[in-house]
Each structure stands twice: as C-alpha cells, then as structure tokens.
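The two complexes that follow have chain A in common; it is paired with chain B in the first and with chain C in the second.
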Partner chain A sequence: MLRGILLTLQIGIISWIIALFAGILIGTFRTFPWRPLRVVGTAYVEIFRNIPLLVQLFFWYYAIPPLVGQWLNRMHNLGYYCAIFGLGIYTASRVAEHVRSGLNTVPTGQRFAGLSTGLSQLQLYRHVIIPYAIRVMIPPLTTEFLTVFKNSALAMTIGVLELTGMADRINARTWHGLESTTGAIAGYLIIGLSIITLMSLVESKLRIPGLIKR
Partner chain B sequence: MAFDWDVIWRNKYLFLGGLSVTLKLFVLALAGGLPLGIILGLGSLSSRRWLYYPTRAYVNFIRNIPLILVVFWVYFSLPLISGRSLGPFTSAVVAFVIFEATYFCEIIRAGFQSVSKGQIQSAYSTGLTYFQMVRYVLIPIAIRRVIPSLLTQGIVILQDTSLAYVIGLREFVRTAAIVDSREVRPLELYSFVAIVFLVLCLVGSLVVRRLEARDRQRV
Partner chain C sequence: MNKQDTAKGSEPMVQIKNLSKWYGDFQVLYNINVQINEGDCVVICGPSGSGKSTLLRCVNGLEDFREGDVIVEGVSVKEVSHNRGIYKLRSKIGMVFQHFELYPHLTALQNITLAPRKVSKVPGQETEKIAMELLERVGIPEQARKHPGEMSGGQQQRVAIARALAMKPDILLFDEPTSALDPEMIRDVLEVMVNLAKEGITMLVVTHEMGFARAVADGIIFMDEGKIVEQGDVESFFKNPASERAKDFVDRVLVHI
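== the complex of A and B ==
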C-alpha cells in the first residue's frame, strides 16, 4: 500500500511537471498574435481535452508500440512511462486553458506598455505577462494539481501498481476489496489535503501587493 | 505495418452495442446526478447546521477521491449493503450518480448564489412556501444561468463513463478492448474510439459555445 502511494506521488508529480511546461507553452501559443501558432494551440487543446483519458492511455500503451517497433514492447515499465507521458500531455491541455484565461486577464494596456518600452514579443511574455498572469492562475492550477493525482488512478488500467492498482491487487489476492479500496481512499484524501495546504502557502507567498486578498 | 480499418466495420454490431451501453449509462448518470446535485446544492446553502455540514462533508469528500475508486468502492460495497450481487451496470450507475452529483452541486450552488436575495424575498412575500419558492423561482432562474457549465460537465461525464471499463462493464472502450483481444488491431481500434469520443464531445462543446454566445447577446 505504501509503495502504491509512493508510485502515485511519483506519477502525479512527474506528469504535473510535464503538464506545467507543455501547458504554459500551449496556452501562451493561444494568445500569440500569430495565427498558425494559435491554430496549433487550439487544435492541441480540443483534441486532448475531448478524448477520455482512459482511451488516450490505451492508445499510448497498446496502439503506439506496434507502430514504433517491438523494442518498445520489451521495455521494462512501459506502462509506467506511458502513464506519465499520457497523463502529462492530457493535463497539459487542461493547464493550457487555465493559462490562456490567466493571460487574458492581463490588461491590454500592459501589453502595449511593454512593447512600447522596446521589449520584443518574447521578452514581453517572459518579463511582463507571464509573471503577472501566473498569480491569477494559481487557484485553478491548484485544482488541476489535485486532479492529476486523482487521474493518476487510471494508470492502473495499463498495469501500473499505484495506489488504486494496489487496492485492486490486494482485492484479487485476499478478496478484501472493500477494505483495500477504503484504504486507498484515505491515501488520496491525505495527498489532497497536503496539496491544498501547500498551495495556499505558495499563494500567500506570491501574492501581488495591492491586489484583493482572498 | 498495413492498416486494416475494415476491422471496425466487421464488428459494427459489437460497437453499436457498446456505444448504446455508454449512452445509457450517460443518460442515467445525468438523470440521477442532476436532481441529487440540486438537493446537495440546496443543502450547501442551507442555514441549518445539521443540513449544511453533512452536505459539505459529503461533497468535499467525494470531490477529493478519484472517480475510478468510487466506481470500485461502490462495486465492492453494494453487494454488502443489498445482500446480493447487482452486476457492473447497476454499480456503475450508482457510482456515477454519487460522484457526478457533487460536481453538479458545485455548479448549481454557484447558480443559486447568483439569484438576488430580493427575488427570493419577494417570492416568500407572495405567500410561497420554501418548496414552492425553490420549485418556481430559484431553480428556473438558477439553472438557466448555469446551463453552459452543466453541459460542459455533461461532456465530462460522457468521457467519465469510459471508466466503467474497470469493473468489466461492456461499454464502448471495453468493447474495443474485447475486439482488440481477438483481432489485435490496437491502433485502428483505439483511434476509432478516440475519434468517436472526439466527435461527440466537439459537438457538445459547439452547443455550449452557441448557448454562451446567445446568453451574451441577451445581456
């Protein structure tokens, strides 16, 4: 059971890092004043958000290896990597949406002000828009961070023994499904509560002076 | 590797069967989750403590655990409660109603909170009882305001139904897995499943966008 929790944490955190980077990138694409990038961003979000995560995981786990070659199939821990990768890019599409709405809260005036001081488009994003928007995005991203851990439970369907998978395994061995599932529920509650505590700390650290306190 | 898209056509009846189970599950989850969500939403705004605290505890508890665990948990505990085996479909429906109601609750609560106090007070002053007020004033106004969010949640539920896979229910994804175990065409089969979900959900979100645009015009 403890091993399951550790694996859940691992999958959750690594895919969260992937999702954060990819999501910020894609979300930024969607606000760029250059159309092709916006189209790419929109297509990415629409595709990955509208297909159930389970189907995506199956796709990566079952459909891709025969296409790429058999060496993938022989790989140890294939399910684990598929889970991290699949969860990461799925979550990225959701993060991208929050990033986009966060970026849109930055007043246009700041955009023009930045450009008129001679910043390039990239510098503008790096130094003006992103630092500002990231603070607006923290609450919805906290929710998303919690969701990653909940979604990581799906990794059990491709044979990864994380918390839910462990509960299922215990059920298969001992026929105590109710007890092991209840234990897993407790595990998720603990993870969730710790994240909420952590993120409210981060939120208060990063608060822009002068904005409304929550 | 040669593609063989015919595999989908060959198994069309299986897929139709799977899709109909998925849609049935979806409709039942909505039909059960929405009313329960409204009740939970009312409980969340209640001034009576013995209603408020249990409701919030329930909602926050369920929202903090993965759906897949709820599905498992219901699957294991229903036979204990009812004393007989109920099969995966009933368990799945119960699990979805329990789970999705909490998400509907949060959306509907936001809708209820957007109704101004004056409207509620004027409803009371015309002599309506609490239930009449809820039935004829609160719900009609609030629900209409949150229809886009409700529909978005509906799309999420459609995607969530794929999780009934884990308790062996033969819905759409499970069907693909069964066909795959016989035909070994994972790429074609899972792409097909993905595309069907993509189309269904895109149509759904198109409707949502239309509604939102209409709302914006009205305001």
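== the complex of A and C ==
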C-alpha cells in the first residue's frame, strides 16, 4: 500500500511539473501578439483537452511503441513513463487554459506601462504580466494540482501499480475490499489535504500588500 | 517666449507626419501633423473619443498606424517598430497614464528600478540610489517601500512619473495624468509636472488642466474626431479660438475650472 502511495505521489508530482511548465508556455503562446504561436497553442489545447485521458494513455502505451520501435516495449517501466508523460501533457492543456484566462485579466494599461519603459515583450511577460496573473491563477491551479492525483488512478489501466492499482490487487488477492479501498481513500485524502495546505501557503506568500484578498 | 528659436539644431524632437490610423474600419486619426521642438511642452486637448490617447501611443509605437510616420530624434517609429529598435526608442520616451498603471506586486522603489535594471542592465544598488533621488524629486521618498495598493492616487501618480523618469528619457508623454485624481492631489502632481516643464524636458501632455497649459505650455493642440482642429499659441487659443468647436470646448472647460 505504501508503495502505491509513493508511486501515486511520484506520478502526480512529476506530471504536475511537466503540466505546469508546458501549460504556462502554451497558455502564454495563446496570448502572444504573434499569430503562429497562438495557432500552435490553440491546436495543442484543443487536441489534448478533447480526447478522454484514458484514450490518450492507451495511445501512448499501445500505439506509440510499435511506431517508434519494439525496444520501447522491452522497457520494463513503460507504463510508468507513459502515465507520467500522458498525464503531464493532458493536464498541460488544462493548465494552459487557466494561464490564458489569467493572463487576460492583466489590464492593457499594464502592458502599455511596461512596454513604454522599454521592456521587451519577453521581459514584459516575465516581470509584469506573469507575476500579476499568477495570483489570479492560483485557485484554479490548485484544483488542477488535485486533479492530477485523482487522474493518476487511470495509470492502473496501463499496468502501473499506483495507489488505486495496489488497492485493486490487494482486494483481488485477499478479498479485503473494505480495507483496501479505505486505504486508497485515506491515501488520496492525505495527499489532497497536503496540497491544499501547501497552496494556501503559497497564496498567502504571494499576497500583494494593499490589495484586497481575492 | 517661444522656445522654437532657442532649440538647438534644426530637427524637431518629435515630428508627426501625415499620420492616419484605423481601428479596423474605423478611422481614429486623420492626417495628423505635429512638430515638437526640444524642450517644448505641448498640450493636447479635445473632447472624449477624439483620439488623443491613440495619438500619444503612436508616438512611442504602442499602436501601429497605417499611414504617415512619427520621427523621434531622427528615428522613424514605423521603421523600428518591427525590430528591436523600438525598445530602444521607447526607453527614451517616458509615459504617464491616467490610471497610473504601477505594477501592483512591486514596491514603489521596485516599480522605478525595473526598467533600468532589466533594460539598461544597471546594477541594483545604483538603480536604487537613482530611484530614491527620483522619489525625492517628486516629493514622496517616504513611500519607497510601499506597494501601489497602499498609496493614495496622487502618490501613485508621482511614483509613476518617477518610473517614467528612471530611464532618463528625452521626451515625456502624459495621458490625462490628473483626471483620475481628487482635487487636492491634482495640485501635487501638477506641481511636479510644472517643474519638469521648467527644467526643459520635452513634453507632450494630454490634459484638460487649462491652468497648467497657460502656465507652462509652449503650444496647444485641439483635436476633435481624429483631426487636429487648431494648433498654436496657448493664449490666443483661449482668447479667440478660430473654430466653433474649439470655442465651445474652451467655454466648457473654462466654466468648469
């Protein structure tokens, strides 16, 4: 069971990091005043958020190895990597949407102000727009962070013994369904509550003096 | 009285030449021509929606325009607007906005030092020193460590002016800097602006503060519906505006004061 929790944590955290980086990048693309980047961003989001996660995981696990080469199939952790990758880039599409709407809350005047002092477009994002938008984005991102862990349960379908998979196996072997599922529930609750605590810490850390708490 | 004779060199600081601009199908600016000499303070006034803010933003390339050009210190805004030259040009033009537009997550000091640190790569300590001097100059050194949300409107606007000065600009653009302020604060901000004008920095000011125009402006431009209706000397504009529309406008703002 403990191994299951650890694996769930691993998958969740690593794919969250992927999701965060890719999501911020893609979401930023979607607001950039340059059309090709916006097209790339929109295409990414629409592809990945419109296909069920389960199908995406199956795609990475079953469809990619024959295309890339059978050596992939011999990798004994294939399911684990597919789960992290698949979950990461799927969640990225959802993060990107929050990032985009967060960036759009930044008033045009802030852009004008930054640019008028000579900041480049990149510096403007880095020092003015993203720091402003990140504060608006924290609540929806907290939800996504929690969702990553819940979605990671799907990894059991591609042979990863994370928390849910572990509970399932224990149940199958010992017929202790109550204990095994309760264990999984407890595991998810502990993870979830820790994340909420962490994120509210982050939120209060980022609170801007003199502004009403959002 | 007119600084035109004393301006050194022959090139004006800012030349707006046959500028026309559209937002989609809607024409905002019609064939605008303006020249501003070094050290001059020019006031732009006119009814709401006449294109004053848009014109100001064309000067530092925050808006693109279809026809004509703006030449700032010999540099064509149109030419540099598609390369990195625009950043350099903008750093030499400070801008102050109606709603201050300070960065809310940074302190007053950080608001001022951001551009010098990132654009001119001046070391942090040095920029802080310059920023403190600027805050002294606008009269609020004690606000240095506060965030914009903790300051009054007048204080915020003075920080914004300090931020605009931090890149040592040759030109300052003001877009209705006092129209979001309470009367007592207007005086503080105008005082700073009057001092800047007297120090001889080139200024283009959109404002309806006619007292300010009379005290320091070297010229006034009256706009309506995207066109320059009148352009010339401040006193004669007030005493006998040539056009009906300007007359109406002058009557209204003067009654208002």
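The definition used in the following text is that the second predicted complex is superposed on the first by the 212 of 214 C-alpha atoms of A that agree within 3 Å, B and C clash if a C-alpha of one lies under 4 Å from a C-alpha of the other, contacts with A are read in each partner's own complex, and residues count from 1 in each chain.
One rule holds for everything that comes next: a contact is a pair of C-beta atoms (placed from the backbone, for glycine too) under 8 Å apart; a residue touches a chain by one contact, two chains touch by 3 or more.
It should be emphasised that the depicted structure is a prediction, and the values quoted were computed from it without experimental measurement.
Chemist: Tell me which partner touches more residues of chain A in the superposed arrangement, chain B or chain C.
Modeler: Residues of chain A touched, chain B against chain C: more for B.
Chemist: Could you list, by residue number, the parts of chain A that touch chain C in their complex?
Modeler: 107, 109-110, 112-120, 123, 127-128, 131-132, 135, 208-211
Chemist: Along chain C, where are the residues that touch chain A in the complex?
Modeler: Interface residues on chain C, with respect to chain A: 57, 60, 62, 84, 87-88, 90-95, 97, 99, 101-105, 114-115, 118-119, 146-151, 160, 163-164, 166-167, 173.
Chemist: Quick one: which bits of chain B touch chain A in the complex? Just the residue numbers, please.
Modeler: 1, 61, 64-69, 72-73, 75-77, 80, 155, 159-160, 162-163, 165-166, 173, 176-177, 180, 186-187, 189-191, 193-194, 197-198, 201-202, 205
Chemist: Report the residues of chain A in contact with chain B in the complex, numbered from low to high.
Modeler: Its residues touching chain B are 46-47, 49-56, 58-59, 62-64, 66-67, 146, 149-154, 156-157, 164, 167-168, 171, 177-178, 181-182, 184-185, 188-189, 192-193.
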